[in-house]
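Each of the next two complexes has subunit A plus one more chain, namely subunit B in the first and subunit C in the second.
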Partner chain A sequence: MVWIGTVINGVLLGGLYGLFGVGLALVFGVTRIVNIMHGEFIALSAFIALGISTVLPNAHPLLLVVPVMIASFALGYVLQALFVNRSMRLPDPLAPLLLTFGLSIVTRNLMIEAFGVNPRSIHQGDFAQLSIDVCGVQIGVLPLVTLALAVVLFVTLQLVLRRTKIGRIVRATADNSEVVRLMGVRPSSVYSIVMGFSFALAGVAGLMLALRTTFTPFSGVERLLISFEVVVMGGLGSFWGAMLGGIALGVAQLVGLRINPNSGFLYANLVFFVVVLLRPNGLFGARQ
Partner chain B sequence: MTRWTLPAITFALFVVAAVAAPWLVGDGGIGLLFEIVLMLAMAQLWNLLAGYTGLVSMGLQCFVGLGGYVTIFASNTLRLPPYWVLPLAPLVCGLVAAASAIFLFRLRDAYFSISTWVFSEVVAMLVFIAPGFGHVSGMTLETARAIDYEVFLLANFWIATGFAAAVMVGIYLLLNSALGLSMLSVRDDEVAAASIGINVWRNRFIAYVAASAGCGLAGGISFMAALFVTVTTAFDLNWVVAMIFIVIIGGIGTLEGPIVGTIVYYGVRELFANLFALSGSWYLIALGSVAVLTMLFAPRGIWPFVRDRLGVEWLSIARKLPTIATEDDAKGSVSTSHGSLRA
Partner chain C sequence: MLLEVAHLDAFYGDFQALEDITMAVDSGESVAFLGANGAGKTTFLRCLTGLIERKRGTITFAGGDISHMSVETIARRGIALAPEGRMLFPSLNVEENLQMGGLSRRRGYWNLQRIYELFPLLAERRLQMPNRLSGGQQGLVAIGRALMANPTLLLCDEISLGLDPLAVEQIYASFTAIRLEGTATVLVEQDVRRASSTTDRIYCLLEGRVTLHSESRRLDTDELTRAYFGT
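And now, the complex of A and B:
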């Protein structure tokens, strides 16, 4: 029973990890940028959520999703439009990488100056402690909601990309940014929108993280590796792959911790290696 | 003036500066210079990988940490002064790199980058949970008690300087050799290189093992001087982050780039942390801003930007094509940029 509970909690944790990765996967899929800023943005979203929750103290914590996503979208759009697009003129992918790396250092340290390094949390009543009992296994409501939210967002993202006009434009730009110019599309505007979406997804990840545990300005960079592992395992640019990758890592981490409480993320990292060596292009990466 | 003149002058100046340094700056200054030359060497090694063979590793901190642990562990176990066990650090790191390359090289581009980082985390965690390496508290260099600290400080500085000089000269000579030329071809176009009979895998393997062994030695020297090693400091991502920062700011794929980058990196740090006496986070904000501005206005790095504007050469490894006498030549209108291969 203990093991079943561990696996179930691992799957639920995987929902959060999937959320960490999906924004990265989206940006990489469309722009080929390895966005180092992603971790910082998860942390910044947690602080944005904290700010909004102090303004609206009586709102249910889950209602924060909407304003956090809007604020994150705007920030992502502006950052891409102002900075990242300018560094994408060379074919070399290292220039945007270092640019986002520079932005991440600036963001993290501005957060340190503004908010300090003490752990913060969002005051939310007893929502985070709620749990339900399923056949003797305790399942937290918040992790369950996180996984559900992740699935809803993934489906929505997929639908937007497959069925809407903007989705078609984004996919066309990802396929060939030169040809879409001939159709009257400006790739840099598309990139800005995509970065906005990516930040909105990171915003949800940051909010769920903030509801789950305390956070500091370092909370993002500490989870950057998980985010990357999720994306690479899934196959760069694949959303369902990212979700599955996140779940695999979540299960491996919790099972590993039960085998050896000192092992940290070791078992998850080993699972990552096994997957990547068996499928060098990731779980869903065959499309390249 | 032959192509060897400028590099030779640079080398001579470096030797003179290194010899004079202990008399020019105090003990604190020597400590800083020690750090700078080691970082310069590591940045050159990362540049050898990313700039000359196209392997963007985010996991070289693995070998910095491993080198530190090997040196201190061996010195304590064998009861030998740390200097004598230093060669073990590159040896072990080279072997680990060679073994890991067999599976890491199956992965490409971003997959490779992230996997090297994960590999480093795995090694760090194994060192952390393995018995005999001090667990959380790390390891102290016990044999250091017998050593006079003043002598130790100076000796470490010479070792680090010698190592940095060897790395720079080594890479310069390598890139001027046939092997270096084949490495450049692999970076520029893998398929074309393979089609003219270059063993792509072997080229990358040599560069990867050499860079890893070098980082191992750098880690060994660094933690020998610190007298102390822990998992968090040894396998710190910031090692490779600093290397990447320095190389890309300075200009990737050039020998001068890491030199310029190192000067910028430590210049900003000393300016903000010591001269303006601002807190650590402001210095990092300044550093991040330098990265952002450089990538916006000189995306190929500071050195290529300056070189192309002023038309200067320094440690260029460009190979001049044999000049073909034509009518244009007589008029002197053939620009050299068409007659040489930029590298």
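And now, the complex of A and C:
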């Protein structure tokens, strides 16, 4: 029963990891940019959530999702429009990568400057401590809600991309950014919107992280590694692959911790290693 | 004149791909650009759409200088391209590909329903992905997508290349309907006979220069051979 509980909690943790990765997968799928800033932004979103929670101290934690997403979308949009789009016009394909690397260092240091290095957390009622008993297995409500939220966001993202006009434009731009210009579409505007979506998703991940555990300006670096593993395991640019990759990592981590409480993220990394060895293109192959 | 090009030079890095091109297209007129591989035909169309930025000379379209305008602005002004290799969006189905053409929201005769009337086959295949279509059917989607923008000038880059004769027939038949709606066309072709029988005038390009300009019905075969091959 203990093992079943561990696996279930691993799956739920995977929801959070999937959220870490999906924004990265989206940006890579459309712009082909590896966004090194993604981790920093998860940490920054946690601070944004903290800020909003101090303004709205009595609000239910889940109500924070909307303002955090809006703020994150705006930040992602502006960042892409002001900086990343310019770097994409340069002939060197490494330029955007280096830019996001530089921006991640700047963002981290700005966070240290603004918030200090002491661990912070969001205390929004006892929501984070609630759990339910299912046949003797204790399941945390927050992880359950996180997974549910991740699934809802994944489905919504998929529907937006498949069924709406903006989704059609995003897919076409990912296919061929030169030909869409012949239809009067500016690829840079599309990229800004996509980065906004990506940051909005990272924002939710940051909020869920902040509700679950303590965080510092350095929390992003660790999450960037998880995000990358999730995306690579899932298959670059594949959303459901990212979800599955997240779940595999979550289960491996918790099962590993059950075997050896000092193992940290070791077993998850081993699973990642094995998956990449067996399926170099990831679980879901090429871009969807 | 709808389109006037004067002394156009175009470059890829240091290489000069077009030299001193001067030409014009009137409203509703159909003009063919002939020439062998590498003569500069595609480069010329890419200049007209703004895709090539390194160029000299002037391009005037519908009374305005578009030489330095962005690709997006030129598209919204009414120049549409059915590019070489058709370049459909592989992740979009037929109908979504067509809808992409209509994004510039120019008003006019063409809409989804009229494209389906022109190419009934596409209506049957509207939910299929481009890789499930034959080359000929893809060509129809490429033309349909360009028409959805209701262009005043339609550019077609070797749209019939590599297609079976039946498909080519269908594509060329559609040009008659397109002209009836007043759209001017510039066709880039290697098939001399078909191009000259469909268009009003032809220009022949060789190594980036215009070597012949003639009315299609007065085309002299020997003269064209010399202009085409440079012999």
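Everything that follows uses one rule, which is that the second predicted complex is superposed on the first by the 282 of 288 C-alpha atoms of A that agree within 3 Å, B and C clash if a C-alpha of one lies under 4 Å from a C-alpha of the other, contacts with A are read in each partner's own complex, and residues count from 1 in each chain.
Note that a contact is a pair of C-beta atoms (placed from the backbone, for glycine too) under 8 Å apart; a residue touches a chain by one contact, two chains touch by 3 or more.
Computed from a predicted structure; not experimentally measured.
Applying the stated clash criterion after superposition on subunit A shows that subunit B and subunit C can sit side by side. After overlaying the two complexes on the shared chain, residue contacts for A:V185 are found with subunit C alone; subunit B is out of touch. Of the two partner chains placed by the overlay, neither subunit B nor subunit C lies in contact with A:L278. Once chain A of one complex is fitted onto chain A of the other, the partner contacts of A:C135 are absent, as it touches neither subunit B nor subunit C. In the superposition on chain A, A:G264 makes contact with subunit B only, while subunit C stays out of contact range.
In the superposed model, more residues of subunit A are touched by B than by the other of subunit B and subunit C. Once chain A of one complex is fitted onto chain A of the other, the partner contacts of A:V55 are absent, as it touches neither subunit B nor subunit C. By the document's definition of touching, neither partner reaches A:V2: not subunit B, not subunit C. Shortest separation of subunit B and subunit C in the overlay equals 9 Å (C-alpha atoms, whole Å).
In the three-chain superposition model, subunit A touches subunit B and subunit C at no common residue. The touching residues of subunit A, when paired with subunit B in their complex, are 28, 34, 83, 86-87, 89-90, 92, 94-99, 101-106, 108-110, 112-113, 225, 228-229, 232, 236, 260, 262-266, 269-270, 272-273, 276-277, 280-282.
Chain contact summary for the complex, subunit C toward subunit A: residues 49, 51, 70-72, 75-76, 80-81, 83, 87, 89-92, 96, 99-101, 103-104, 145, 149. Within the complex, the subunit A residues that touch subunit C are 165, 168-169, 171-172, 174-176, 178-186.
Within the complex formed with subunit A, the residues of subunit B that make contact are 50, 56, 103, 106-108, 110-111, 113-115, 117-119, 121-122, 125-126, 128-129, 241, 244-245, 248-249, 252, 279, 281-282, 284-285, 287-292, 294-296, 299-300.
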